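Report on the following structure.
Note that the chains take the letters A, B, C and D in the order they are written out, and that residue 1 is the start of every chain.
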Amino acid sequence: MPAGVFKETYGEEIAIFRYPIHYAGAALGLLFALMLPILVGPYYMLLAVSFLIFLVGTVGLNITVGLAGLISLAHAALMGMGAYVTAFLAEKGVNILVAIPVAGLSAAALAFILALPSFRLKGYYLAMASLAAQFIIEYIFALIDPDQYVPIPDEAKYLGGIYLGRGLPLYYTTLAITIVSILTAVNLGRSILGRAMKAVRDNDVAAEVVGINVYYVKAIAFTIGGFYAGLAGGLYALYSSGIGWEGFTLEGSIEYLGMVLIGGPGRIVWGSFLGVLLVRTGWTLLESTLADLIVSYVAAALKYLILGGMIAGFIIFEPEGLIAVLRRFKEYLRLWPYSY
Amino acid sequence: MAQNTKYIALIVLVIVVVAAAAFMFFQKPGAGKEEAPEKLTVKIGVLTDETGPTSDVGISYAKGVLAALKYFNEKGITTKDGVKVELSWVKRDYAYNPTKAEEFYKEFRDKYGVIAVLGWGTADTEKLSDTIINDKIVYISASYSAKLTAKPYNFFVPPDYSTQACIAISWIASVKPGAKIALLYDHKVAYSRSPIDAIKAAAQQLGLEVVADVDLPLKATEADAERAVLQIVDKNPDYVWCGNTITSCSLAAKAMAKQGLNAIMISNVWGFDERSKDMIGPEGYGKAMGVSPFIYPAIARQQNIPGINLVLEAARAAGYSDTDVNLRFLQGFLSAWLLVQAIERVDSQALMDKGGEALKEVLEASCQGQAFDFQGLVAPARFCPGRHIASEQAYLVLLNENGEFELKGPQSAPEGIDCAQITIQAGG
Amino acid sequence: MQAAALEWMFDGVWDRSEHYAKRPERSERPILLAENITVKFGEIVAVDNVTVNVRQGELLAIIGPNGAGKTSLLNVISGFYKPVAGRVVFKGQDISRMPPHKRVELGISRTFQHSQLFLGMTVLDNIIVGLFPWRRTNTLAAAFWLRSARKWEEWARESVEHVIDLLELHEYRYRVVGSLSPGLQKRVDLARALVQNPEVVLMDEPMAGLTREEKEDLARAIIEVHETQGTTFVMVEHDLEVVTDIADRIIVMDSGRVIAEGEPEEVVHNPRVIHAYVGG
Amino acid sequence: MVEANILVGALFQGFVLGLIYALIALGFNIIYRVSKSINFAHPALILLVGYVALVVSRQNGIAAGLIISLAVAALAGLVLEKSLAKPLIGKPPVALIGATLGAFYVIRGVTFIVGRFEAAALPLQSTYYSLGLLKVSTNDLVSMAVTGAGLLGLILLHNKTRIGSAIRAVAEDAEGAAGYGLPVSRLMTLSWILAGLTGALGGLALSLKAQVNPYLDFYAIKAFAASILAGLDSIGGVVLGGLALGLVEQLASIVLEPYLPGIGGHIAFFFLLLILLVKPYGLFGTERIERI
């Protein structure tokens, strides 16, 4: 806690922005986010859009995995649920800005059903249940989407004459929804519900005995995670001309889990941010660089080797993720040159 | 509280200012016209699957594409009006993940400004088929779904799956009139289902009888294949259509031999190639064949088809051995070759002004004009607006009793029945 | 109707008195009754047909050698173990089938022998989590940090500050509990129970592993709560000295059975107890 | 009505696949017993074995393929134990789940380098025999021999040998076993190697029955369902679970396929979810008593 800052109310103490530096940081960050289209070309702007979409999804998984400690391997399927619901509604002529929240809610409903096993299961059993769920949902997608492609009609993507599906409107729409998602996630994290999730994660037996309805908390953690996954799916439908179930397979779920575990489980915003930046966006950029330098199959194998190695490595050496590494680095810089 | 309000007001102000600035910044005036230079660079995107679920064929296909691009680039490409063209390509492996494919496509489009994409399978081609219309980017792929023939910017070298299947049916009718056919394919996979309606219609028209329609999973084990075969065995089919990929089709052929089903299996183009010999094994010799619009490279060499020397030369120049040149390599090579031929027919000014649209126009000009010729490796291709069916001709390749591939045909599509149209109308 | 629904969604009603109900006077009336309880682990009988009657406002201690079934009995009362036979009655209501968290809501809180704190969280959060059953916000209100969420947070903080004062935990508020000494962890554990303003506190070996000084601090805090708020305590304890000092009544268990019951003085001199402790 | 020959053929094939599922599921079971967690790298190991066997047997014959792939799988088990399981002793089981998921990807990468994910068949000459309604091939016989030997060997090792009882003791109570002077750490290593070996045998049999292709790991994931049916700590139960899964798959395909195409390949997951919902510790598994 920086010196010279005193809080007068309890409310101030748990505010999101507690110190002047927080305000400055938030303002600068927002400014950067808003000006990004000016700073970079259209391709990087679209890359940023896909970054934001997956950030929303990862924030959701970070609540399920990081806060509540429930391993979920069905996150990509939940995202798919959101995308399919959006596609279905858009087909029916519903505006996409209406469809996206509905997508979130329907994915949340599905997640709630998936959470039912978590009432009786923990740890490895839950991981297996969600794995089964991932395959079952994938199978159902394949049945309802036999063409492996559902187009999202452009007509649904208009807001007062502005086409939201590309360029700046796409970027700002995604950014706005992402910011709201992140703020609500932070609020949930600092609420009693968020604390109860952490309690369930740290010691679910004791949590039950000290008065936490563990079933309820687990279910709600899963449901909230599902909501954000669905939201990401809806955003994805906005960004994309069409969806196919092959985009929401187990590999996607593992990648999501990797982003949470590498970035920083339990650090909803910054952990997810770093995870997506490194695992998804960073990798896309790296792949573009590598593709010109080395033989493609080596690059392809590297994808598996590096992502897998990082997941295992972080769990063994730094379970708190990249965010903890950065924090230590920051502390080191702060104290430099006196290392004590 | 008051302090918070102040900050919020500040932030809102910043948002408004920046957003306004951003919008203004992006209203750039259109780029001015330039004079035709000595040399043009054409940007091409290459999407491949070299690590995903279809990589068993995707790797060879990608090699073929790259070998062709390198070869023609070095040999020199000139447009119709004599301007030298240099190809510059960006390759990305999307591992059959449509999400990734879209990301890479947007990279191609917005970062590199490609005017054509050499794509791969159902996952990327179908997904991008609407986007490319807006972006005016020509998309040449190895997904031969009939649906794509109606899309203005999708092209491929051989006939579509439905037409290919109809060619097979027509061949059966010519060899054995009134034959009984059983269908084995994955009922929930777009690629496998795609030609089924056309097959049924063609069979009816040609007096053949479809006696069974059984699900055979794409991810099959011997157990699945045997179960499927057992379900058709007492229907006594003369021919079995296998609409899947090579693993499950070769398992089906084995199961047929095991269960003593005396019929010939005809596989879809992705269900049968050089590997079938080993994967089916001696017990299936003489009982399995595949539809192929392309002449297998090994056969092409035996028959001295002129085009194969070009392909081999390109492969060697790119550092591949002759054994690398298989059917899939050839398919990739031909896709790239089609693009090169289109560039050679385009007017340099049109190419500069209209990009992909100019390529689309010359490709479609072949409808009435000169066809794209591939020196005998595949039937010459013509594309008509709204109907991009390159040709209506394919071979049937039999794995004969000696374990050698034997070319039958070329066979033409049945008269008076529009197989692609049937598939498009059925919505698959 | 609509207004009520909106209020529920965005501004849950919070009545302070609900949580701080006034305690009845101390009396002989039983507040908690565990009747004919039997607990088995496979073939092993941990608790064998035990009946314990806890009176309103008393400080009851359950003592006995290791493996006597004390903790198992406590686990049955708090709902963590399902007994093979018997029932638990709290204020006239049979709570035998109630899940543990519901019992907390009714007014039975507990502490643990080995620290069962949430090690990744701060002291403050560990204590606030105890107020989970009394939360008056829903997910939507929490997500948008609506007035109900903010007000509840403030209310919760006041409640927590109250027990922090009581147990003198001021300087550790923001410390992650994993880094605290065992003695402090026990205090946080007790704080988490007390913030729930329980009618009955079940304590499982609160003194185990503490230094003498820490024991005295803890005992003082317990007595203070006991006397000022009239809270009933049921304490499983090993340390006879502490027990005889502070307990109103003692129950002695051995091998899953109750072997003695009564005032501290008489129990300590009971020959069966001496036998169980010394001779056993 | 289903014809007899279809039913007989499907039941027999279900049985053969069931043995394979059982053997692969035993790999999960062995790891669970000593490390109290699921080894998510196991499916990738199956994939690796398939490709190693393919690549080696092309050059040096099927026997060499068998030996080398067994050696590779044992080595992989050893490396997994040393690099993941050992450092994570004492951490919650979720940590090992995450770490082995990472290993799943790493092994996939290695497999890719080894075999480029091509689709091919192991070079084994097939002959067919007819037993009335039932047709049997060399592939069936070899698969049954390999899996049967593997299962029998493991059960004997587990029940009749000193190593087996030592591993059982470690599985029951690692600290207690250490107290009796058992080399717990060595036994854990041995268990991981053993799991690798069973995976190799299962993977080889699977490569025969499904040919070598990039989605072999999918079948290994389905074997999860077999391992959970009877409870993760019962060896006999796992064998039953595997057989049940193999048969259910085939029967479901016959009965439900007309309504739900491809259900046979996915019924395992419905099966798995149902068991987890209804009887999470399996039919014969024991619920762990938690203490506070």
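Going forward, contacts are C-beta pairs under 8 Å (C-beta built on N, C-alpha and C of every residue); 3 or more make two chains touch, one makes a residue touch a chain.
This structure is a prediction, so every number in the text was calculated from the model and none was measured.
Touch-path distance (fewest steps) from chain B to chain D is 1. Relative to chain D, the chain whose mean Cα position lies farthest away is C.
Think of the whole protein's Cα atoms as having one middle point; the chain whose own Cα middle lies nearest to it is A. For the pair chain C and chain D, the distance between mean C-alpha positions equals 47 Å. Mean C-alpha positions place chain B and chain C at a centre distance of 70 Å.
Distance between chain centres (mean CA atoms), chain A to chain C: 39 Å. In whole angstrom, the spacing between the mean C-alpha positions of chain A and chain B is 35. Annotation for chain C: residues touching 2 or more other chains are 80, 112, 116.
Shared interface positions of chain A, i.e. residues touching 2 or more other chains, are given as 142-143, 205-206, 209, 297, 300-301, 303-304. For chain B, residues touching at least two other chains, in rising order: 51, 59, 188.
Residue ranges of chain A in contact with chain B, taken from their complex: 17, 23, 26-27, 30-31, 34-35, 37-38, 41-44, 46-47, 50, 142-143, 146-149, 151, 167-168, 172, 236, 240-244, 246-247, 249, 251-252, 284, 287-288, 291, 296-297, 299-301, 303-304. Of all residues in chain A, only 1, 9-11, 13-14, 184-185, 187-188, 191-196, 198-199, 201-203, 205-214, 220, 224, 266 touch chain C in the complex they form. Listing the residues of chain B that touch chain D in their complex gives 51-53, 55-56, 59, 186-188, 215, 217, 219-224, 226-227, 230-231, 233-234, 245-247, 250-251, 254, 257-260, 275, 278-279, 281-283.
Touching chain A in their complex are the following residues of chain C: 78-80, 99-101, 104-105, 109-110, 112, 116-121, 125-126, 128-133, 135, 137, 139, 142-145, 149-150, 152-154, 156-158, 174, 192-193, 196. Touching chain A in their complex are the following residues of chain B: 7, 10-11, 14-15, 18-19, 21-23, 25-26, 48, 50-51, 59, 62, 90-93, 95-99, 102-103, 106-107, 109-111, 122-123, 126-131, 147, 188-190, 193, 427-428.
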